[in-house]
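Below, chain A partners chain B and then partners chain C, in two separate complexes.
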Partner chain A sequence: MADVTLTVDGKKITAPAGTLLIDACRKAGIEIPAFCYYPGLSLQAACRMCVVRIEKIPKLQTACTTPVAEGMIVATDTDEIKQSRKAMLQLVLANHPLDCPVCDAGGECELQDMTFKYGAADSNFVDVKNHREEQQWSPVVYFDRPRCILCYRCVRVCGEGMDVWALGVQNRGVSSVIAPNGGDHLDCEECGMCIDICPVGALTSDTYRYKTRPWEMTHVSTICTHCGDGCKTTLGLRSSSDGMEIIRGDNRDKSGINGDFLCVKGRYAFDFANHKDRLTQPLLRNAEGKLVPASWEEALTFAGQRLHEIRDTRGGEQIGVIGSNRATNEESYLLQKFARSVLGTNNIDHHRTADYVSFAKALAGQEQRAASLREAETAPAILLIGGDPTEQHPMLAWNLRTNVRHNRARIYVVNHQEIKLRRQATSFLKISAENYSAFTRFLAGEENSIFGAEATALRETLATEPNLLVIFGSELRGAAIEALVRYGLSLPDTKFACLGDYVNSRGAADMGLYPDMLPGYVPVQQPGAFATEYGERFPAAPGLDLPSMLDVAARGNLAALYVVGSNPVHRYGVAAASLKNTFLIVQDMFLTETALLADVVLPIANLYEKAGTVTNTYGDLQLVRKAADRAGVRTDLELIVRLADTMGADVHALVPFGQGTRADMGQSRGAQSGEADRHAVWLAAQNLEPKLSPFDPSALLDEIQRLIPSYSFSRLELFAGNDQHVQATSKNNALVQISNLSQRPDGVLPSMDTLFTSGTMGRYSSKLTEVHDSRNKEILVAAN
Partner chain B sequence: MSIVRDIASVAKGMSITFKEMFEPTQVENYPDGPGPMHGAQFEERFRGQHVLQRDENGLEKCVACFLCAAACPANCIYIEAAENTAEQRISSAERYAKVYNIDYNRCIFCGYCVEACPTDAITHGHGFELASLNATSLVMRKEQLLTAMPAQPTTPTLPK
Partner chain C sequence: MTTEAPMKAPTIFSSELAARFDKLVALYPARRSALIPMLLYAQDEQGYVTDAAIEEIARRIGITPLDVRNVLSYYSLLRTKPVGKYHVQVCTNISCMLRGGQELFEHCKEHLGIGHKETTPDGVFSLEEVECIGACSWAPAVQVNYDFHDNLTADAMDAVLDQYRKQAGK
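So, the complex of A and B:
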């Protein structure tokens, strides 16, 4: 739109026509206070804090509802305006409790800031304050009514933003009150967006209430460890007797790919780290067959020696390795390198939650066809086939809803279930669960319609959409993905996104946790540069995938299995007896079903307790910062290196460390966690890179970048905490066609997580379990 | 000339000395003086070891707002907050200090904490004999800082 020029406080500013005055001013660095205005939500004009004087208009105007106009002359900072704002504050404070010393918002409260700024500390009102008891509305949401200033942000974010509409207003005028949909409780998605957006301490969360104060915590922004969207979450930490404890997850650093958003998991489900069953000591199976605590030295030496022995007597093909969906890229890369170059086996796999291999193959040779998560917020049209973003990709669902609200994007939903996003959709087509594959062929025009007129109409509409964004769930695999991509590529400028389940599912795939694929989806049969990189132990033939490894183990032919951060026994329903002839090493946080069967259990750090990078399911690469710390656990990276060391492998060949700058990075100082990151930013800015110890992930990142050409990104951006989009394969690194790739079993087992579950780890989050159970109780009650 | 001036100034100085010799003693005879204070005398506003106060019902006044810790220039106050429950009520607000430590190795008795406290919970008492051969004993816990429970908590009398 054309630009208009206006004068604000004597300063000429330009803004596109239609911009709100408040936004135009803020953009020009002129501060306008606001309680009720929130960018992206509908306008409310309830608080009158944003009043300004516009020439030729008799009364003060609200900047949050006035669009800019050519030649407008505005004053924002006169005595009259200050007086007006002060009076508004005094009215708000008339019935506001003197709670600041105990209020959770104290120290980051917008009302405190305003009162301080406009000097409204004195009151002209003498009425007795109207006290109300605090109410608990749900396992996470508390409401303290007297503190509410009726800005209606919570109502709008829950309704417009979340499409939950769980909060509303009762009564009118001074007796207005925010009320939950369940009468005295909330039936909602428990996202905590209302708490986050509340400018005061009226809405508070159960996890953080009355625990500490904002300035007492250390704040570290890192990546949520749950779903495949990879939101940035800022963890509030305080030191505890055995490390650094997370006491709050929130979104105060809105710089992440998720902007304003976090779901219940990113916000509250960090408490698994403090679960009482957390392992903090290695365990060894003793002569009586019991798992007993052991020292690190004993456990690692024993595990290393046994692996060494098995490799030398029974060969690498008798060893299996299972990787993790939640480990960093560096760890996944190192794990497969360890398997291939030290153990000498291609029997490496992970719990696959989406068919990234077929996706990479279908897109091979194309450039810029994979979409970033950010594009879901801007694409004019979206085709969503399968998946249920509201439950499994809450951030994606948020972006799609926002896109519809702000840009009137058209969403075409094709699903076998009536997913919630159909409420925002332009059209919803229900197909049966078996028909996804046929539907993709139908779209590609390769099959006659079994779908009826509605589907044909959809195909015709889609043909008119330039810039279509195609997002598909894990229902689509192998040939279906290829057909869908073929179809998409026949339209102009189509982009694609493939939905996998966990924080680094995509990273695990990109890093080559496959028996037949090397990092960057290079087939094992044509290893290229990897042939020399991975030494003479690297086998030429593809290995066994996860289900085959378990089968072979059940037949007694798998001598050893090394499981890192995964629970295949539960996930694949393995009988305990089938692993009795296998030497089992498990690295996990808890005694999971798999760990219970192990000969050696090594306690590990979770994603919040280590540094590295992760790639979300769309290919957005982000930095993971070490936030929490727990005495007695070690990172997967460290354990893999130590295991290799006890096996007598050349650690320098495994991790290219010790070639960069040498300095004390503070990594040894537990409580000073994050120190290394701060140094790293400085070093990166000086073109120096810290590669100090074999446990330093950035040394491995070098190798990843060297060997996977599509992982091209700026280190500076990475260390600055920005997300960068990487492609699965680069143009020059087109997948070599293997004739039988389409016959290759995709091995995908969707995790079927909901908003309130998160694999095995989710079971150890007390808050998530509590929310989950309270929800189920409601459903039970409703059913009766 | 200069000799006369020198003698005059010495005489002036010595006159003060001799005058003071016959004045009553101002020095406190601490620690050999009489009484429990061993001869020490306090001004009312002397800033000694802190005392954490209780309200008229015997509840702790501290609500764990962390403002004293924030104000303290020596960074010597450590607090852990916890929530009052119906069964266990420690302070009169929602929150109380589960842990409240002052590290007297570092405290400079500036009184900023007292000034910052919104509930008048922390005050300076007159305790000053803090010296110790063991530095760890100088980190005082809440139990050491709290004022004694009033013998009979005064129940507020309701108007009939």
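So, the complex of A and C:
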């Protein structure tokens, strides 16, 4: 829209016509206070804090509801306005306790700031304040009624934003009160958005309330370890007796891919790190067959020597490796390189949650066809086939809802279940679970009598959509993905997204945790540059996939299995006895079903305790920063390097370290501890990284970028904390030449996680378990 | 928020009222516009707005029970607790106050032996102090159920109450 020019406090500013005055001012650096206004939510005009004087209008006006107009002359900071704001604050404070020093929000409360600014702590009201006890509404949500200033942010974010509508306003005037849908409790998705958005201490979370003060925490922004959306989260940390402990997760600065959104997992399910069963010492199986604590030296030497021996006596093909959906790109890359170049095996796989290989194959030769998560918020039309974003990709669901609300996007849902997102959909087509593949062919024009008039109408509508975003769930695999992509490519400017389950499921695939695919989906049989990169042990033939490894092990023919951050025994229902003839090394945080059978168990750090990068299911690459710390654990990266070292491998060949800038990194403890950070910031700003040790992930990122052409992005942007979109494959990807790929089993086993589960790790989150158990009833969504 | 048509389900209301509701929800461009009349009719038929009525009205309109409660709790003439057979609403707003409304309210309290928003043990009377009921010209005024009594004195009030008491058994 055309720009208009207006004058605010004597300063000329311009803004597109239709912009709200409050936004125009803020953009121009003029502060307008606001309690009820919240960008992205509907207008409320309840708090009157944003009042300004507009020339020629007799009364003060609310800047949050007034659009800018040509020639408008506005004053935002006169005595009259200050007096008005002060009076509003006094009204708000009429029943609000002035006990900020003991309030959970003290120090980051918008009301506290405003009261300081406008000096409204004195009051003309003589009535006694009405005290009410705090109420616990759910395992996460607490409500402290006297602190509520009735800004309705929580009501709107829960309704409009989450489409849960669990909060309402009851009564009238001074007795108005925020009320939960269950009468005295909440039946909801427990996302904590209401708590996060509450400007005061009225809504608080069970996880964080009264534990600390905002200024007493260290804040580190990193990536959520749960679903495949990869939300950015800023973790609030404090030191504990054995490291740094996470006490809060939010994204209040709205940076990153998810704005201020986090779901219940991102916001509260970090407590697995403190679970009492967390392993902090390596374990070795002793002569009596019991797992007993051992030193790192002992454990690594033993594991390394056994692997060495097995490789040399029985051959690499008798060794299997299983990687993780939650390890970083660097770790996954290193793991497969270790398997291929040190162990000499292609028997490497991971728990596959989506058929990324077929997706990459279908898109081979195309450019810029894979959509970023951000595009779900802007695309004019979306075809959603399969999947259930509300349960499995909460951030995606949030973006889709926002897109409908703000841009009237058209969402066409095709699913075998009545997924909740159909409520925002332009059309909902129900098909049966086994017909997804047939449906993709139907879309492409193949007539099929199982699809009726509704399906035909949908197909015709889609043909008129010029900028379609096609998002598909793990129901679609192999030929179905290829058919769908081929169909999409026949429409103009279609983009695609393939939904996988965990934070780095896509990264694991991109990094080549496959028996037949190298990093960047390069087939093992046509290894190209990898042939020389990975040395002479690198086998030419594809290896065994995960189920086959387990089968071979059950037959007693797998001599060793190295499992990194995965629990295949549980996931694939493996009988304990079937691994009895296999030397089993497990790296995990807990004594999982798999770790229980191991000969060597190595305790590891989780994603919040290490650095690197992850790629979400859409291909958005983001920086993972080390936030928490736990004595007694090590990163997968370090352990793989150390194992290689004890096996006598050339660590320099494995990790190209020591080639970066050498710098004085300062002190990491004591008075000058900030120094290291300052150096790191400087180096990042110069696009330089230290890479001083073999445990430095950026050394591996160099190699990843060198060998995977589609991983080309700005390191500077990445280190500045911005997401970078990468494509699955680059142009001229070798995949196209592989003819028998369609026959390849996709091996996908969807995790079937819900909003309140997160694989094995989720079981160790007390908060998630509590929420899960308390949710016996269905979520009480509106009007069903 | 949702456009899905509510499903047909057994009703807790009389068949006449159910039929009336069927019409009401279709009458306005937005279904939820029917909410307040529906609440009033439900209250008239059942004496107060019951939980079951809230559920059914929500279902009929296609909104959440919470939405219904949000509106319901705003209006003081809508209630969620039973009242007496005769609900005596004494106005103490400005005109009535100037003409003895407050005293009249005290008198009713004494006469009936109950306070604001209370019900006599026999369930015949309940009492409520209300804001202006639009009969200021004849203040002080009292509304019993939907009937008005104005220009009241303590004696006149007693007569009115006695009248109702006599009818009560019938």
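Note that the second predicted complex is superposed on the first by the 751 of 784 C-alpha atoms of A that agree within 3 Å, B and C clash if a C-alpha of one lies under 4 Å from a C-alpha of the other, contacts with A are read in each partner's own complex, and residues count from 1 in each chain.
By our rule, a residue touches a chain if its C-beta (ideal position, glycine included) is under 8 Å from a C-beta of that chain, and two chains touch if they have at least 3 such contacts.
This structure is a prediction, so every number in the text was calculated from the model and none was measured.
**Student:** So, A:100: does it touch chain B (first), chain C (second), both, or neither?
**Tutor:** The answer is first: A:100 touches chain B but not chain C.
**Student:** In the overlay, answer first, second, both or neither for which of chain B and chain C A:577 touches.
**Tutor:** Neither partner.
**Student:** Just to be sure I read the superposition right, which of the two partners does A:2 touch: chain B = first, chain C = second, or both, or neither?
**Tutor:** neither
**Student:** Could you tell me if A:128 is touching chain B, chain C, both of them or neither one (first, second, both, neither)?
**Tutor:** neither
**Student:** Among the partners chain B and chain C, which is in contact with a greater number of residues of chain A?
**Tutor:** After superposing on chain A, more of chain A is contacted by C.
**Student:** After the superposition on A, what does A:215 contact: first (chain B), second (chain C), both or neither?
**Tutor:** In the superposition, A:215 contacts chain B only.
**Student:** Applying the document's definition of touch, where does A:423 land relative to chain B and chain C: first, second, both, or neither?
**Tutor:** The answer is second: A:423 touches chain C but not chain B.
**Student:** For chain A, which residues lie in the overlap of the chain B contacts and the chain C contacts?
**Tutor:** After superposing on chain A, no chain A residue contacts both chain B and chain C.
**Student:** Residue numbers of chain A touching chain B in their complex, please.
**Tutor:** Result: residues 100-102, 106, 134, 209-213, 215-216 of chain A touch chain B.
**Student:** Show me the residue ranges of chain C that touch chain A in the complex, using the header's touch definition.
**Tutor:** 1-2, 4, 6, 58-59, 62-67, 69-70, 73-76
**Student:** Note which residues of chain B are touching chain A in the complex, please.
**Tutor:** 63-67, 69-70, 80-83, 93-95, 118-119
**Student:** Once bound in the complex, which stretches of chain A touch chain C?
**Tutor:** 159, 165-172, 179-181, 423, 780, 782-784
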